[in-house]
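Each of the next two complexes has subunit A plus one other chain: subunit B in the first, subunit C in the second.
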Partner chain A sequence: MLKRVLLSLLVASALSTAAFAEEPKSGGVINAVIQPEPPGLMVGLVQNGPTQMVAGNIYEGLLRYSPKLEPLPGLAESWSVSEDGKIYTFKLRKGVTWHDNKPFTSADVAFSIEFLKQTHPRARGNLAQLDKVETPDDYTVVFTLKQPFGPFLGIFEVGSLPMIPKHIYEGTDYKTNPANNTPIGTGPFMFKEWQKGSFIHLVKNPNYYIKGLPHLDEIYWHVIPDAAARAVAFETGKVDVLPGGSVENFDVPRLTKLKNVCVTGAGWEFFSPHSWLWLNNRQGPTANKKFRQALMYAIDRNFAKDVIWNGLAKVATGPSASTIKYYTDKVTTYDYDPAKAKALLKEAGYKGEKVRLLPLPYGETWQRWAEAVKQNLQDVGINVEMIATDVPGWNQKVSDWDYDIAFTYLYQYGDPALGVGRNYISSQISKGSPFNNVEGYSNPEIDQLFADGATAFPDSKREDIYLKAQKILTDDVPVAWQLELQFPTITRCNVKNLITTAIGVNDGFRDAWLDK
Partner chain B sequence: MLSFIAQRLAKAVVVLLAIVVFNFMLIRMAPGDPAMVMAGEAGASDKIFVTQLREKFGLDQPLPVQLYRYVKGIVTLDLGFSFRQQMPVAKLIAERLPATLLLTVTAFVISLLLGVLFGTLAARFAGTWADTAITILALIFYATPLFWVALMAILLFSVAMDWLPSFGYETVGANYTGFAHVLDVGAHLILPATTMGLFFMATYARMTRASMLEVKRHDFVKTARAKGLRDAVIQRRHVLRNALLPVVTLAGLQAGTLVGGAVLTETVFAWPGIGRLMYEALLQRDYNLLLGVFVVCSAMVLAFNLITDLIYRAVDPRIEFAS
Partner chain C sequence: MSKFWRTMLRNPGGVIGLTILLLAIAIAIFGPLLFPTSPWRMVQRPFLPPFTMPGLPLGTDALGRDVLAGIIYGARVSLLVGLVSTMAALAVGIPVGALAGYFGGKVGDALMRFTEFFQTVPSFALAIVLVAILQPSIVSIVLAIAIVSWPPVARLVRGEVLSLRTREYVQAAIVTGQSHSWIIWREILPNALSPVIVLASLMVATAILLESSLSFLGLGDPNLMSWGYMVGAGRTVIRQAWWITLFPGIAILLSVLALNLIGEGLNDAFNPRLNKEGR
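The block that comes next holds the complex of A and B.
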C-alpha cells in the first residue's frame, strides 16, 4: 500500500507566509556577478557552479528543498514512497510548458533520466540504484529502485537532476545540439543573449506556470574576472548581487558596512561546503595515524575561522557538516593544543621529514589560509614545504596522489550517502579524480557502514549507521577537517526574497523582487 | 617593394608554423589537461566522464597524432574547437579581437604620442627640472605593476570621483546606438587604454629623449643652426625626424607585446578581448583556444614587424627595400 506524503504543500505554504510578509512588487532588472564565465548553460551537460547559478533560472528539477532540506514541490507537485522504500511515485504539475511552448510531461522526465545517465557523473552515481522509470500517464512518473536508497528524495534539485526537453534532444548528438547555445527549460526566466566575456541576459518567462512569478523582468549576469573589480562594481552600484564566493573574504566586512547593503550566509545548506586537508594515508609521515591526529591538534582552526574567513565559517567536527542529515558532534574532537601535537609527533616517531603542502589555488583567501596552517605546523616542529600550483596543476597532483597535505573543500549534497561517503570508502580509491578517496584511507568497517547506510530503511536505521561511521572516522583522522564554510551572498537591501531554498541563488531568482 | 613583401610573408609563414609547433609542445608540458579541469569544475567526476571528455577532445590520441591533426587544421585555416567554451576557436577570437584591437591601438597611440611628446620636451629642456620631472614620472609608470595602476585608477576615477565606469566594454542593458554608443564605449575605454598607454609611454619617452640628444650633436644640426633656422624648425624637421628611427623600431616591437599587456588590463577592467581569453584558456588548459590566440598574436607581431620595415622607408629615404 502506498503512503502518500503531502507535507510538501504544508511546508511550501509555511514558507510562502514568511516570505511574502511584504507585498512583492513586479518589474525591475537585477544585475548580478558570475565568475568564472560558465562554459555553457545546458546544465545537463555542464555541471560547474557558474553554469548552475545562471541555468537554475532556466531549467528546473522535480523538487526543491527547504533550508532544512525537506523536499518542496518543483515540477512535481506531490510524491509518495512505497512502504518497502523501493517505489517512488511523482505527480507532475499540469499546464507546465517549455520555453518554446511545448508541454512538459512525464516523457520528458523519463528522457531526462536516460540523458543524465550518459552525461552527468553525479546523476549517474545517484541513479545507480534505479531499476526502471515508468510513465503510466502524462503526469505520473514511477521510479522503481533495485533496493531502498535512503537519499533518493534528495537527488532532484535542478543541478543534480535537471529536466531536459525530450522534443529537442531525442535522437540528436547531445553535445553538439545547437540548442545548447540557446537553452530551453521550463524555468521562470528565459535565455535572451550571451555576449561572451561580458554578460548573460535572461528575461522573464511570461508563461511561467505559477501565476505572478517571476517578479523581475530581467537579469543580467556580468562576467568580471578580477575579484577586486567585482567588489568595486558592487561598491559603485553597477551590480546588485554578489553571489557567495564572488569577492575575497577580506572585502566582505568592508562591503557589508556600506549603506543599503545586506548579507546572508543562507542558501548553502544543501551543498554545505566542507573544507579539509587531504592527508596522504599511503606514504610519508601522514601515513601514521598519530601524525594525522597531531596535525588536528596543531592547527588553530578558530584563528582561520575568525581571521582568514572573517567569522564566516564554523569549525568542522568531523566528516559531516552540521547542516546535513545524521550529523553528530558526539565524536572525538581536537581542540588547538600544540603541546599535545608535539607529544603525538614524538609518539609517531617523526624525525623532521619534509611534508609537501598544496594550497588550493582559488585566490588570496586560500593562500593566506595555507600560510597560516604552514605556520601552525612549523610551530610544532613539522618541516613544511609549500608547493605552488594553478588549478589544473592542483587537480593533476591531487588526482595522481602526488602530495602529502592538500587543501580542498567539497560539497556534501545534504546526505552522507551523496557527498560524504565518496571520500572515505575503498571503492572510491581510483587515480584520476580529485574528488574521491584521494587520501587512500581504507577501512572495511567504514566501507560496510556506508554501504549499509545508503540502502538501510527506514531513516532511523540510517541514523545509527552514520553516527557510528562519524565516530570511527574522527578517531582515525583520514583527513584533517577544517571548517564548514559559508559563502556569503551580498545584495542591495532592496533585493527581496532572493534566497528561499537550500541551494539559494543556484535555485534561480524565481521569488526575488525589487523594492523600488 | 612587392617582392620584398612577398619574401617577408613567406618567411613569416615558416616562423608561424615553428611557433605553433613550439607552443603546442610547451603547453602540453604543463601539468593538468582540459578534461581534468572540466571534471574539477563539475565538482564530481568518474572515469567514464573523464574518458568521454578526453575522447571528445582527441586527447586520448598519441601526442604526434594530436600535433599532426592540429598543424593540418592550421594549414587549412582551421584553429580547432575550444574545449571549454564549446565554440570554434576562430569564432571566439573573431568575437573578441575587435575589442582588443580597439584597446591596444588606443593604448599604442596614447603611449606613442605622449612618449614622443614628453621625450621631445625632456630633450629640449635637458638638465632642467622639467627634464627631471618627466624622467621620474615616466619611470614611475614603467616600474609600477600595470594591474596596480589599473586598480588605483579605478579607485580614483570610478569609486571616489564616479567619473568613469570601472568595468566592461559598454553599459550593459542601455542599448545605446549611433553616437551615444560611441561615447559609451569611449567612456569605458578611457581607463584601460590610459593605464596601458602610460606603462608603454615610459620607454618611448626615454628613447626619444636619448635619441634626440644624440642627434642634436650631429654636424647637420649645427649646419642648420648656422643657416639661421628657427629652433622649432630644427627640432621638428632635423632632430626629431632623425631621432624617430629607433623609436619606430621600438614601436614595431612593442606593438606585438601590447597583447601581453592586454592580458592584465583586460582582466582587471573586464574588457572582453583576446588577452583575457588567453589568460582564461591558460588556466583552463584549453589547448586549442590558447594556441589559437598564440597564432593570432604571432601573426600580429609578424605583421607589425613588416609594417615597421615599411615605415622605415617613409621615415628614412636612405633605406632601400633591396637591402
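The block that comes next holds the complex of A and C.
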C-alpha cells in the first residue's frame, strides 16, 4: 500500500520555470571566498561549515529542499511513504556516474548509510530510528524504520547525508584513504586542485546527469583569512561571491551600495541560525522564572536587529525559527518594556546580586551585541559583569555550566525534532557539550511533547504537539531568545541563480550562471 | 628643591608635558562629574559624525555611544593602569636592584639572572600570555604590565647602587657599623633615585601604551571603557567612521607624549650639568 508523492516533480518543474525565466548563458569562472579554510573536503568525514560549502559542489544527497523545506529530487527522482509512516521507498535517478565514470547505484546508498553512521555524529542521530536498508534493484532503496519518525524526509540534504562512492571506500580505512585528498562525488563540479592557504579549484563535470548543467566552467574558492581583506577582495573584483558570514555585518551596507552588487538573505532556511542567551536555570537569579521573563522585557531586540545586525535578522518569538516546520507566533511575546522588566524584577525579589554575562567570542558583531545587552540589563537595575573569553574558554564555560547568561546561536535543521528539542528536553542535560540542554531546563510535560512529536504520524498530529510545546516554552523562558539571524550572501549581480534551495550556497553552484 | 623646579620650568617641553598631564588628571578626576551617564549607554543613533549635534561634539560609535564620554572615562582607566602598574614595577624592581647591587657576589648574580630571565622574553608577548591565562580584568592587566616592566628598573638601580656603594660616605657608614638596611635605604637609595624617577615617568607612558595595545587586541577589561578598547572597537569600521578611532588615538598620543616630555624635563632638571655639556 504505497502512496506516491508526485508533488516533488511538480515543485521541481515550477521551480525551474521560475529560475530559468532568463535564458542562462554557459561558461565562465566564478571566484568565491571560503572562510575559514576547510580541514578537508570529504564531507562524509568532516562536517565543518566551510567543508560543506565547497563539498556541496562535489557531492550530492538524495534530496534537495525548497526554501519552504519541501523535498525536491536530488539523486533520488521520486519517493513514497507507506501509510503507517514506517517504510520509505526511493527511486534513484538513472544514468548517474561518479566523477571516475563508475555508475551510481542503490549499493552506494546503502554503503553511504553505513559509512555515515560511523563518521557523522548528526547523521547517526538522524538515523537512530532506521531499522534496515534494502536494495531490491540498482535504482530502488527501501528504508524501514522502527517506528514512524516525522522528520525522516528532512535528513537527506548533502551536508547531512552525502552519498559516498562504495567502490572507493569499501574495505578501506575511511580516515586514511588517499582518495580523501581527491574527493570523488556525483556533483556538478569535480575537484581539480587545492593549494593550501590559497585556493581550491573545481571544474565542470562534463558528464553531469542533467543535460546543460552546470553552466559554469570553473569555480575558485579563495582562502583569505582576514575579514577586512575579504571585503577588499570583493571591492577590487578579485572575488564575485561572498557567502554568508564572510564579512563583518557593518561592512555589508558599504559593499551592497557598490555598483552591480546584489545581496540576499535566502539560502539559510534549512539551518535557520537562531540566537539566544543561555540562562542558567539551576542557580542564581536566573533560576527564577520571573527574573528570566524580566530579561526578555529588558532587552531591546529591535535595537540589536537594526543597529548590530544592520536589519539582517528577525526578532525571535520563541524556540523555533519562523522558517522551520510547525512554527507559530501565537505564543507569549515579549516586547521591549523596561518598566515591566523592573516590576518583574521586584516580584522576583532580585536584590542586585551579580550576574555574569558571557559573550560569544566570534568577532566584533557579537562583542558589540553583548555590550548592548549588558547596557539594557543595567538600565533596569541588573548588576551585570561581562566575562572576557576566547572560543575554547566559551566552550568550556558553557559546557561546564559555569555561567549565568551566555550568548549562543545554533542551527535548527528544518524540523523541531532535529534542531529544537535538543535544547529543552531533560534527557539532553549532560555536561561537556555546548549544544544540548545547557540551561538545565527540566519539564516533564515538555519532555513528553518532544518525545511524542518525533514519532507522531501523520504531520497534523505533530503540528498540534509542537504548537503546544512552543506555548509552554515561551511562558517559561528557559532561555532568552534573541534573533533569527540571516547571513547575507553578497554577489555581483551578474551571478545569476546562485541560491535556489534551503541550504543556499551549500547546495553547490549547479544552477548558477554568469551574465556577461 | 626650588632650583629643581626652576630648571624644570625653564624646559618648555617639560612644561607642555606637565600641563597636558595635569589636564588629563583633572579630566580623569572631574570629568565623570560632568558626564554622569555611563560611557556604555547608547545615547544617540550610531555612527553620528562629530560636530553635528550639540552635546555630542565627538559623535557616537557603532552602538550610538558618546565618544567624548568614552574618552573621559577612558582617561581614568589609562592613568590608573599607568600609575598603579608603574608603582608595582618599582616596588619589585627597586629592592631587587638594590640588593643585587649592594651585596654583589652570588646574591647579585642570582638576582640578575632572575631579572634576565624576564628580560629574555619579549615583554608584549609575555603580557599577552599573562592576561590571556589570568582572564582579562583590570587586576590581571596591571599585574601583567608590572611583571614585564620591572626588570629595567632593577638593572638601573643595581648600576647606580654598584657605583654609589664604592663612594666614601658609604664606606664610612659601613665602618661606623650601620646596618645593611639603614645604609641601603638611607644612604644609597636617596642618591640613586633621580634616574629612577625619570625612568618611572617613561614607564607610565609605556604602561599606558601596553594597556591600550592589550585592549586593542581585545584583552582589555570588558567592563571598563578604555582608549585602547575604543581604538580596537573602532578599527574595523574605520572606513565608515574615522572619528571613533581618531579621538581616542589622539588621547593616547597626547598623554604618552606628555609623559615623555616630562621625563625629558626631569632628566634635564636632575642633571643640569649633563644638560649644559650636551649643548
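The criterion applied here is as follows: the second predicted complex is superposed on the first by the 516 of 516 C-alpha atoms of A that agree within 3 Å, B and C clash if a C-alpha of one lies under 4 Å from a C-alpha of the other, contacts with A are read in each partner's own complex, and residues count from 1 in each chain.
To be clear about the criterion, contacts are C-beta pairs under 8 Å (C-beta built on N, C-alpha and C of every residue); 3 or more make two chains touch, one makes a residue touch a chain.
On a predicted model such as this, the values are computed, not experimentally measured, just so you know.
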Subunit A as common anchor, with subunit B and subunit C clashing or fitting: fit
Which superposed partner A:V142 touches (first subunit B, second subunit C, both, neither): neither
Which superposed partner A:A228 touches (first subunit B, second subunit C, both, neither): both
Which of subunit B and subunit C A:F303 touches, first, second, both or neither: second
Touched partner set for A:F250, first subunit B, second subunit C, both or neither: second
Which of subunit B and subunit C A:D390 touches, first, second, both or neither: both
First (subunit B), second (subunit C), both or neither touched by A:V263: neither
First (subunit B), second (subunit C), both or neither touched by A:A372: second
Lowest inter-chain C-alpha distance for subunit C and subunit B in the superposed arrangement, angstrom: 7
Residues of subunit A contacting subunit B in one complex and subunit C in the other: 228, 389-390, 393
Subunit A-touching residues of subunit C, taken from the complex the two chains share: 38, 40-42, 46, 62-64, 132, 135-137, 218-223, 233, 236-237, 239-240
Subunit A-touching residues of subunit B, taken from the complex the two chains share: 30-33, 36-50, 56, 84-87, 92, 95-96, 99, 151, 154-155, 158-159, 162, 165-170, 172-173, 267-270, 272-273, 276-277, 279-280, 283-285
Complex contacts: residues of subunit A adjacent to subunit B: 29, 31, 36-37, 39-40, 46-49, 121-122, 124-125, 175, 180, 195-199, 201, 218, 220, 222-226, 228-229, 232-233, 235-236, 238, 389-397, 399, 410-411, 422, 430, 432-435
Residue ranges of subunit A in contact with subunit C within the complex: 227-228, 248, 250, 254, 303, 307-308, 359, 364, 367-368, 370-372, 374-375, 378-379, 385-390, 393
